[in-house]
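All chains are identified by letter, namely A, B, C and D, in their written order; residue positions are counted from 1 within each chain.
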Amino acid sequence: MTKFEINDCHKKTIKEICESFGNKRSELINILHKTQGHFGYLPEPVQLEIALNLNMPLAKIYGVVSFYSFFTMTPKGKFPVSVCMGTACYVRGAEKIVEALEKELKIKVGGVTQDGKFSLDCLRCIGACGLAPVIMIGEEVHGRLEPQMIKDIIKKYE
Amino acid sequence: MYKMQLLVCSGTGCRASASATIVEKLNESLKAHQLTEEAQVVTTGCFGFCEKGPIVKVIPDNTFYTQVKPEDAEEIVTEHILKGRKVSRLLYEDPENKEHIIDSKHMGFYQKQMRIALRNCGVIDPENIDEYIVRDGYSALAQVVTDLTPEQAIDMVKQSGLRGRGGAGFPTGLKWEITSKFSSDQKYVVCNADEGDPGAFMDRSILEGDPNSIIEAMAICGYCIGATKGLVYIRAEYPLAIKRLEIAIGQAREYGLLGNNIFGSKFSFDMELRYGAGAFVCGEETALIASMEGKRGEPRVKPPFPAESGYMHKPTNVNNVETFANVPVIFLKGPEWYSAIGTEKSKGTKVFALAGKINNVGLIEVPMGITLREIIYEIGGGIKNGKNFKAVQTGGPSGGCLTEAHLDTPIDFDSLVAAGSMMGSGGMIVMDEDDCMVSIAKFYLEFIVEESCGKCTPCRIGNKRMLEILEKITQGKGSMEDLDHLRNLAYVIKDTSLCGLGQSSPNPVLSTLENFYDEYVAHVKDKRCFAKQCKAMAKYTINPDVCTGCTICARNCPVDAITGEKREPHFIHQEICTHCGVCYQKCKFNAINVE
Amino acid sequence: MTKIKSLDDLRQKKQQLEQGMDIREKSDHPENLVQIKVAMATCGIASGARTVMNTLVEKMKKEKIAAVVTQTGCMGYCYAEPTVEVTKPGMDPVVFSYVDVKKAEEIVDKYILNNELLDGILPKNYQTI
Amino acid sequence: METIKLTIDNRQVEVPKGTTILQAAHQAGINIPSLCYMNLPYLAQEHKPGSCRVCVVEIPGRKNLVPACATECTDEMKVLSHSLRAINARRTVVELLLSDHPKDCLICPSSGNCELQKLSITMGIREINSVENAAMSTYRKDASPALNRNMDKCVMCRSCETVCNEIQTVGALSAVNRGFMSVVAPAFEQELTDSPCTFCGQCVAVCPTGALTAVDNTFHVIRALADPNKYVVVQTAPAVRAALGEEFGYPPGNSVTGKMVAALRSIGFDQVYDTDFAADLTIMEEGTELLDRLSRFLDGDKNVRLPILTSCCPAWVNFFETNYPDMLDVPSTARSPQQMFGAIAKTYMAEKLGIKREDMVVVSVMPCLAKKYECQRDEFKVDGNPDVDYAITTRELAHLIKIGNIDFNTLKEEDFDRPMGESTGAGLIFGVTGGVIEAATRTAYELFTGKKLEKVDFHELRGMEGIRTASVNFDGTYIHIGIAHTLGNARKLLDGIRKGMYNFHAIEIMACPGGCIGGGGQPLHRGNSIVLKARMDAIYKEDFNKPIRKSHENPEIIKLYEEFLGKPLSEKSHKLLHTHYFSHPKK
């Protein structure tokens, strides 16, 4: 993976985001949301830039980023695959779906395929319990899954 | 004037199955048949019957179409709207007698329900404030700010007996009263919409289906406690709820229902959204407040309670979505009406997210005091695939597992605690004979270990140790001593953890230890898993009478533990077998036995 | 958008908007309302059921009667179309035959408002979905 | 004051309202063990996250046990600190901590000083349940020039985080990650050297375990001493003598100067000198610099930047280089006493003793961790040879004495070697907050006014308050002085100066609470204010008894200028005794 190089344009974007929240430390989580929305993830130089704008210790920002599972410091795949691990999905076999995905994509949970196309993560309940077990690829929800259906679903995105 | 309306669920679940396309197709079809004057398509919030989504409900005859596909739209219009013939193949089928049910009023799923918090979900268009107003929306707020003093209003909430729906069931009126007594230049009303229990989604449904009820209730609360600012802490994973809430706030502002001098009174109130970022512990109010302040969502020692020192060290009242959703109704119908529903100490209704091995998965709202049996068999339509009921888990990771013995216990805050579980936010997961209770306990602990904030020792390390013991047990390596350690750890974690999450985290373990001790013992002593879920303990053998010698098992075995000649019965070498279960999955003749 | 500045404003607003929601409000508690079903299968429509239905809807509104007017499939009395079934709260359904605009108004005036029976009542012998 | 009556373990206690159970218990002579609790009353900082759960006690009738440190007493409360339930819970909690803690106590740098070890000993823990397949939270080890981080040993009390952020406002450390893997670390769990850490060492001073420890140079010193080709001289900082005794059982507040000198000589140092000598030298340079800037300022020179800031504290230097790169021309250019000593020892002294620079080893005994970093800075080296070779802490010296099999308590007092062991009371008070500026005032007064200073003690400059201000009458001209200790207070002062809120002429800043006596290299005070106060009193007492109490009257200093340097701020002085600062902003 190439290292994220921050340029002046990035810095301007971050500055604008921080300013839109009044450069307030108490708005850090909103700022991180917005920044991640823009960059797709929160690499080190981006966090440093936020620290400079908010005039707060970088360690504290990293402390927040590393606390919340929504924030990530690694870029996701073009099609992020998320498996719902809510209880309803669990009792209806979400673990087997994870296994099938790991096998199909040849990556472990948390990983990204070599071509950067897919990344695989687990998430908490997405609230589509009626369709359990459920996965999300990008914004699309696929429900009532069985392990053998995974291959065809992934194929659609290739 | 429309003679008919087609209500299409646009909750997250149904949208996932293309309900938006259904709306499109229905509209196209109505247009094609020149019925746009007669019938109207309305997108609503969740009907709760997620199992069979997407749902299209036709009114006024309450026809309830389930699992509708976009291509069914044409038939619904031509048959039902045009010719008045219901499309029977899309009607809900009774799981027992396989009969089609003609309308929702005849569905067991709805018959036992009483919808207060969900009163508008599936009825109104959540993106149109007018529809909320027609359903008496904002009348409660008008009444409160123009006719009542804050004390009077708080008294009504107290009289209603409403208790917090987020978990512990603290009396809402009392909470408001305490916050109202602290004087400060600024106070805050916070709505906890960081619903995190895996398998619970009632808050999301309310926000998606009836966002205005939350705005109204928060404004009422603001008037009562003397706050002019409301904050909704909402999960970032709920984009639709966020969007609908933003629309509703915008519309309320345009009508002047938020802003300065509401209803011409001296009371002013406005709202903002704060996003959660994926931390279950932020459901705990002090952690939630820390998170809203831009910090790590770690709980702190109470007192001081948020009522005294909360968001930005100002007095803060935190209630969850469902609690707020009840508030306007209390004022509309009166506290006496409200307190007549439910049990002695738990008034009103409770929304449960019914899931698991049950026929009718979905969101239900029932009066407190209903029994589990009524919920599971009458509303839920019984256990899926005719299996045997084993347990029901309530309260999410903080709750416990209830058994057959509890089926006839009236459910309320206190009876659930007495039974070793808790109301929690209202997740209700049904398990059948195929579920291993040790694995279920392990599942919840995995969740807790993942979600523990790491601040206090018992939760940070203790839960990890409990999980390790459970892993040991499910791998067939446990000892009876481990069970003692497990129990001691569970009690100490419960007794010493800093916040509610930690204090309740051992509940799944304790309640399964209590109710399914023999299952633990079987894992430990006999190395057996009744439900055959613990792979490490399964013994796979081939039934020579059934085996055709097709060799598919031998070819797929990753460790070459299966041998045999073509067209001859095969054999599994137990000393090599790793219990992976591939042979069992691959065999087309059911020749593999699992013990 | 006009601001809602008082309780009266809110009530007015509500009244203005009520029509659109009326149908849903009523469908919530159909057992308390007069329920009218108009048979609208091909034969019904061919013999003017749609006009009948419109008349009934207008009439009920005019008389301020809380009612649910729905269409239903063929009731099996093709010879007597258009047919209309009326269920008053707590009473058994009654089916009227050969309903035209005039008869529709009569049904409302006589049966629904005054409990007087009219000619052309058919025995109820079907099961519908 | 409203009081509250309660019973703890059947003992009646009466306490003021607002007292916690932990405090009330201590008052009643009941020592409830605690781990994460830390009280720094003189810094108005009470760290009670209530997170370790070691101090849990039972209050009959309450659903759960409560943490004694964070629970206030209420009237008629009944507290059981050693019920079966409380003991079992406490024991289980400690076992849990131990289950996620390396068990290399025998060779741990904090062995004997570890609060967790003490808990385990007190509770008599002999086995830890189901530990055989227990996962441990492990992290990358981090070594810096001054302190080591081994976060495998972190118990998440987060005292260091509080000290680093709230007291020092350095912000190098924060809790990171979540759950089992949560730990205190710099951003991205990178190394301290890449963080804004100033190496003040206060995190080490409050760490209850071996997670944060000082770099140990003891063996480098022993090796140098054993090398026949090396001539090893030692200097001891003023604050060391006020605390060293604590490591040998003396109560805090006993100055052990004579015994310390005897011990050092016995260990085998070739010359035992005193950093106080260099402190006097610092006053000559810094005081002259102050007077120079001051008189130019009073004459209306607009290019003069005032106030002048002291620069003898290396953590403070790191702090302003990181946080105030725009103000690098404000602090005095005078090197710290440690570095002045090294520079003079390896030139003037080496020449005098007839020893080549590279054959001389200068060891400094310091109450400080940042000194370890300071002596490695490139600007304090000549052709790669540092002016000061090794800085060891007070704790390391105690260790060295023990390794040398020296019975400290029976040692006869001895005096420092001359000339660099000659010092005044002014040099000595460098060890406490306000001391440097008082010493400077004693000299500057006489140089500025040309009159003899009658009253040597400036009580208005002393004390433990975080920020102190005073105006000293220089014969009609009032000199405004600001004093801050801890970097958090320094930040407040500096931000005020940036905004133009103050009109100080001179400011003294010390990074550690109480000044060097509370340094990160001292016997661990763990925030105990009584200990700090006692050390402070010891220093002032020794100053009071010194025959000479003004730096410019130090005869060896006078001789040094006559024989070698010429005069303060001379070209030679500039080369050897002054420095410049570097901007390295870090977040």
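The rule we apply is simple: contacts are C-beta pairs under 8 Å (C-beta built on N, C-alpha and C of every residue); 3 or more make two chains touch, one makes a residue touch a chain.
On a predicted model such as this, the values are computed, not experimentally measured, just so you know.
Student: Quick check: more C-beta contact pairs at A-D or at A-B?
Tutor: More C-beta contacts join the chains of A-B.
Student: Centroid of chain A to centroid of chain D, CA atoms only: how many Å?
Tutor: Centres of chain A and chain D (C-alpha means) sit 44 Å apart.
Student: Provide the C-alpha centroid distance between chain C and chain D, rounded to the nearest whole angstrom.
Tutor: 89
Student: Using CA atom averages as chain centres, what separation in Å is found between chain A and chain B?
Tutor: 23
Student: Could you state the distance in Å from the CA-based centre of chain A to that of chain C?
Tutor: 54
Student: In chain A, what residues contact two or more other chains?
Tutor: 63, 67-69
Student: At least two partner chains per residue is the criterion; list those residues in chain D.
Tutor: Each of 175, 177-178 in chain D touches at least two other chains.
Student: Mind pulling the residue numbers of chain B that touch at least two other chains?
Tutor: 279, 296, 453
Student: Every pair of chains that touch: which are they?
Tutor: A-B, A-D, B-C, B-D
Student: Touching residues of chain B toward chain D in the complex: what are they?
Tutor: These residues of chain B touch chain D: 279, 296, 298, 300-301, 303, 449-458, 460-462, 464-465, 468-469, 472, 482, 485, 488-489, 492, 494-498, 503.
Student: Taking the touch rule as given, give the residues of chain C at its contact with chain B in the complex, in rising order.
Tutor: On the chain C side, the touching residues are 1-7, 10, 13-14, 17-21, 23-28, 30, 38-42, 44-45, 53, 57, 61, 68-74, 128-129.
Student: State the interface residues of chain B toward chain C in the complex, per the touch definition above.
Tutor: Interface residues on chain B, with respect to chain C: 1-5, 7, 59-62, 82-86, 88, 91, 100, 102, 105, 123-124, 130-131, 133-136, 138-139, 142-143, 146, 254-257, 263-264.
Student: Any idea which chain A residues touch chain D in the complex?
Tutor: Within the complex, chain A contacts chain D at residues 44, 47-48, 51-52, 56-63, 66-69.
Student: Inside the complex, what are the residues of chain B that reach chain A?
Tutor: 12-13, 15-17, 49-53, 196-201, 204-205, 236-238, 274-280, 291-297, 312, 353, 355-357, 361-362, 393, 396, 427, 429, 431, 435, 440, 443-444, 447, 453
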